[in-house]
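Each remark here refers to the structure printed beneath this line.
To keep things simple, chains are lettered A, B, C, D, E and F as they appear, and every chain counts its residues starting from 1.
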Amino acid sequence: MQRSYSRGNDHLRPVKITRKFTNIPEGSVLIEIGETRVLCTASVEEKVPHFQKGSGKGWVTAEYSMIPRATQTRTQREASKGKLTGRTMEIQRLIGRALRSVIDLKKLGERTIWLDCDVLQADGGTRTAAITGAYVALVDAVQYLLDKKLLKTNPIEDSLAAVSVGKVQGNAVLDLDYEEDSQAEVDMNIVMTGAGKFVEIQGTAEDIPFDREDLNNFLELAEKGIRSLMDAQKAAAETSV
Amino acid sequence: MQRSYSRGNDHLRPVKITRKFTNIPEGSVLIEIGETRVLCTASVEEKVPHFQKGSGKGWVTAEYSMIPRATQTRTQREASKGKLTGRTMEIQRLIGRALRSVIDLKKLGERTIWLDCDVLQADGGTRTAAITGAYVALVDAVQYLLDKKLLKTNPIEDSLAAVSVGKVQGNAVLDLDYEEDSQAEVDMNIVMTGAGKFVEIQGTAEDIPFDREDLNNFLELAEKGIRSLMDAQKAAAETSV
Amino acid sequence: MQRSYSRGNDHLRPVKITRKFTNIPEGSVLIEIGETRVLCTASVEEKVPHFQKGSGKGWVTAEYSMIPRATQTRTQREASKGKLTGRTMEIQRLIGRALRSVIDLKKLGERTIWLDCDVLQADGGTRTAAITGAYVALVDAVQYLLDKKLLKTNPIEDSLAAVSVGKVQGNAVLDLDYEEDSQAEVDMNIVMTGAGKFVEIQGTAEDIPFDREDLNNFLELAEKGIRSLMDAQKAAAETSV
Amino acid sequence: MQRSYSRGNDHLRPVKITRKFTNIPEGSVLIEIGETRVLCTASVEEKVPHFQKGSGKGWVTAEYSMIPRATQTRTQREASKGKLTGRTMEIQRLIGRALRSVIDLKKLGERTIWLDCDVLQADGGTRTAAITGAYVALVDAVQYLLDKKLLKTNPIEDSLAAVSVGKVQGNAVLDLDYEEDSQAEVDMNIVMTGAGKFVEIQGTAEDIPFDREDLNNFLELAEKGIRSLMDAQKAAAETSV
Amino acid sequence: MQRSYSRGNDHLRPVKITRKFTNIPEGSVLIEIGETRVLCTASVEEKVPHFQKGSGKGWVTAEYSMIPRATQTRTQREASKGKLTGRTMEIQRLIGRALRSVIDLKKLGERTIWLDCDVLQADGGTRTAAITGAYVALVDAVQYLLDKKLLKTNPIEDSLAAVSVGKVQGNAVLDLDYEEDSQAEVDMNIVMTGAGKFVEIQGTAEDIPFDREDLNNFLELAEKGIRSLMDAQKAAAETSV
Amino acid sequence: MQRSYSRGNDHLRPVKITRKFTNIPEGSVLIEIGETRVLCTASVEEKVPHFQKGSGKGWVTAEYSMIPRATQTRTQREASKGKLTGRTMEIQRLIGRALRSVIDLKKLGERTIWLDCDVLQADGGTRTAAITGAYVALVDAVQYLLDKKLLKTNPIEDSLAAVSVGKVQGNAVLDLDYEEDSQAEVDMNIVMTGAGKFVEIQGTAEDIPFDREDLNNFLELAEKGIRSLMDAQKAAAETSV
């Protein structure tokens, strides 16, 4: 099996993380993983949703969208259709949940950080790229709050990244592009913390059920990929912008 | 930790599966797992969705809903709100995907089987109960098609059941009820086939990330629980109705 | 004309009323009239709608829905369509209005009782079955409030039941099933109090207009049917659950 | 009790029916009953709804709306809210059903007549005024089809009018205005044919249930009022426009 | 080119403005320009939208709708479709903006005047007719507030009218009817104040771009037409109603 | 008055046009005008809307959206709200109409070109930037069709660009940024062809009506600005990508 960028089954596509991609948001990160490109912005809002009011705790939430021609065939805008698809809802719930798992909402205080993940180009793995990029945008937004003395202590408790793994033509592979994804027998998204623990595992047998040995292979690939993504996050964070 | 029905951490709540709960649908199953009760009906429709037309293949899809007072506090109807919540969309996509994994759509032919899962009472584990019950309703609907000579060969390739596992107060437990679920550190839903393979693994650290050892414990509990559920499915299937 | 259950033109189908059909709501009644089955739950909410705030008066309101395969052909969910049909709106307004006619909202105090009528199986007469069953659920919810000392006096002023009558093949008949309803020349729904007075009369000539004599025949059949339904309500109310 | 226009309990408000109120529609009637004014247009469309295709039969349907300031307090537009209220749906279903009861859809052929009833000013009785006015618009639209030789025989089988009756301060009264309607104990809408038969009876006890004697009084008042309305319809129809 | 009413290129169609067309609103004006007829009502509401609260300033806003058969072919109701078209939104934003340009919102105080423009018959120029008629309704509503001593000083700073101009078959023409509008090369709507200044210029080349000389011709025609419309507004205002 | 980039009243902000900003669409242009950045993609679809079917003519249409944090304060997504705002509808109708004015739809043949304008950062003038950028994307999409031999002759008849002008603190100025726009007395958007003719003029007096002299000043500024924008378009078009 020939993979894009002539890479091995246990290799990521090239990763590029650009901070301050736009100037207005508190965090603004363009993450590129191969041909997949997601713009992740973090916006601080000094209020919380209804269910969190008076709790002393903040909130972190995500929204996800694709521009219509992020894909090979133009996709109708959800704003024009007048409703979100199930896929979009699933993805934005996943991103929000993942980010909340590494932030102490008590320390964040009664404010919301919105993570908007807009896919400019889609070539597989957009939801995991969104999580990985949104984490960097979140760090920048928190740094903004610390710099402005709106926060005294950093509420972020661990770093976070995500990757897809799967089985394609019988092989366990890391970081599937669109073509691989569309023929995968198993598709799994893994979110891990810097401490090497799992925050989310979502595996689906598209065609052929999988066993424990497959699962172990997937998890090993994922751990390797996530370590590389965390290196890229750190390198980006150290760049002065 | 005291569990409902004085059961151990590796035990299911009492399971009861009633076929022909209503008389009209091709399959109609009431599944009760402890206080959770889901009515799963299977309806055959002699047409397929747009994307499947002319393919010679059928379709299996699911819808999920709760009556407003299935829960402790009345929940507003999605029909009155005018849209489905993200949670409902996620669940019905999961149920449909799970059921499709054990049916040969080519053998089903160009027809659709709708699986409607209406929760009459909710006490945790409604989505896994829905999958386990819907499988039995699907079997009955397929038997109806075989009896009517509308199908020549059985398109169902394996049996299917699902269960939740998780970590509560530091303990790995099987089949969480609502109270356990609301305080769980980790929550995982597992769908398996009769051959003991995975169709879906969806694990979320609500609070504390988990490691490989936790995961292995969860999978063992799930396998045990699913074997019991399959026994209940078989017992129900053998009852003449 | 041969009627279902070999009954005469002035007879109801078999009636069965089961209280505490589910455990969570303050009132939960399964009413079965022949093959028609409606689950009626009553939920107490300690607030009132906007228009009733500060009035010292409570509110009683109803919602009505059918599970998709309550009918011979699967009906699309209103939640999936994103809106209620006119038929549903008409029915739920009728049920709410009928129940409010026998309760003193001042005595109820500033709280709402929701009556959710979910049709599990539909064979004609679902709206009148819903009113008859919802009345019993309302009685149970009021008893719950009396037992909890949240109410001092019973706000229910009279009992209530409803039935359909109509003209089929030229004959005035009581309690039409689906087959009769679909060929009826006239279809009329009557709601009456225990004191034998009318709360609602809704009669429609589907095909052939009717005269005063027809109307008088319909009303006599309705009174007879409603007396029987009230006997069934009383018998159910006396059962300890 | 002092009634508007110093009329007795068995008298209508002044009635005025103007044909050709606007020039474009096949039928266009302004009906004024006291201060209530409804513009009823009839539009012929050379196709039928989905469920009627290929049946050889036509369709007659109605839509009802109020301009925002038809009422004392401005009502929000349903177009701005994005959905029809239950009241509007109920009314437009009633108007459509009533008009269909006097037309032979087979003779109409596979075309639709839309009856749009737009309330310019509301002072009680808008739905019955709409039926009475829409009947005249329907007659004009049918005449248009006969004149154009699109129809060979007149499909209208009988004339039709509607009126409200009710009980106010203990008195049975005909044709309630808004003030009377808002304090009525019983409110009833009656639709009758020229042959003096009932097409619809919809009676609701708003406050105090009613008995057979009340009902008989209501029906007599309604018959008297409808005869007067039919005279006004005939007078308008004979006016050349 | 033969124009309707045998008029020259620089002439309006016949204009008729009727005040108090309905009795309930604070202002109610029927404006007829040739066959175009728009009912403009003004409603005073003693509150302001969210964004204006506490500002001490009022608000003036407009809504626009057509009855379904205002047009040659019946148009589906936006209320039935569940959303406003882009055209309607554009028009109602234009009307509101135009009216606000001649009123001092500070002097109006924290109240809203709603201008509802309902098109009863459409033959081109409905949006400019709506502005011209709504201005008269606004004047009446303000007079109502002055009479009731709810306002001390008149907040209206100048008069306002609007007209369409365009190029048809190479000729610059004033006040296009529907037939002209549908074949126009350029279509322009102009809103002017009594002082002869521009409030809005919206010109669109439907087919052939236009130059500065065209523009100057359009503006001269518009000024002439608007002076005539203002004469008609004044004449109507002086009529006692 | 000090303007951004220390520019004179008759100067544009810096303009940058990048072709092939993303790789998938037939045209993909990032246009930057000062801090305003709009991604304009052109997508070819081999079918036309309903109203154009069988006409032999193609269609060009536009959609416009802002990412939530394109603005200083996060704006709620229209997809989440479930409907487009009036502002969005107005803008996308303007863009589509403008682009259609320079293309021969007959020569385009029965296909649609979608122009998606997604604002990544907003600092005033997004709709005119969108038109100017979308024109370049349209040229690239047409070139793609010519290269693929799907078109024989170029259907584009002239070039096109747009700019905003207005009056700020009494001065006529070209190309307003957000701060200027929010305090402008007059705001005008002009769309012109390469031949120097007008396609659209949309001028609004936000606060103080304007006269013919003002208008002439605005038009001169606009012509100057549009000539500069057309130079930038040509420079970009000549870059090989």
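The definition used in the following text is that contacts are C-beta pairs under 8 Å (C-beta built on N, C-alpha and C of every residue); 3 or more make two chains touch, one makes a residue touch a chain.
Owing to the predicted nature of the structure, the values given are computational and were not obtained by experimental measurement.
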item	value
Fewest hops from subunit D to subunit F - one hop per pair of touching chains	2
Contacts common to subunit B and subunit E (chain labels)	none
Proportion of interface numbers common to subunit C and subunit D (over half same, under half different)	same
Distance from subunit C to subunit A - Cα centre to Cα centre, in angstrom	51
Length of the line joining the C-alpha centres of subunit B and subunit C, rounded to whole Å	33
Between subunit F and subunit C, distance of the C-alpha-averaged centres to the nearest whole Å	59
Shared interface positions of subunit E, touching two or more other chains	82-84
Arrangement of touching chains [line / ring / star / complete / other]	ring
Parts of subunit D lying in touch with subunit E, wherever the complex brings them together	22-25, 28, 35, 37, 39, 41, 43, 45, 63, 65, 67-72, 74, 77-80, 82-84, 88, 114, 116, 118, 120-121
Footprint of subunit C on subunit D - complex, ascending	83-84, 86, 89-90, 92-93, 97, 101, 158, 188, 192-193, 195-205, 207, 209-212, 215, 219
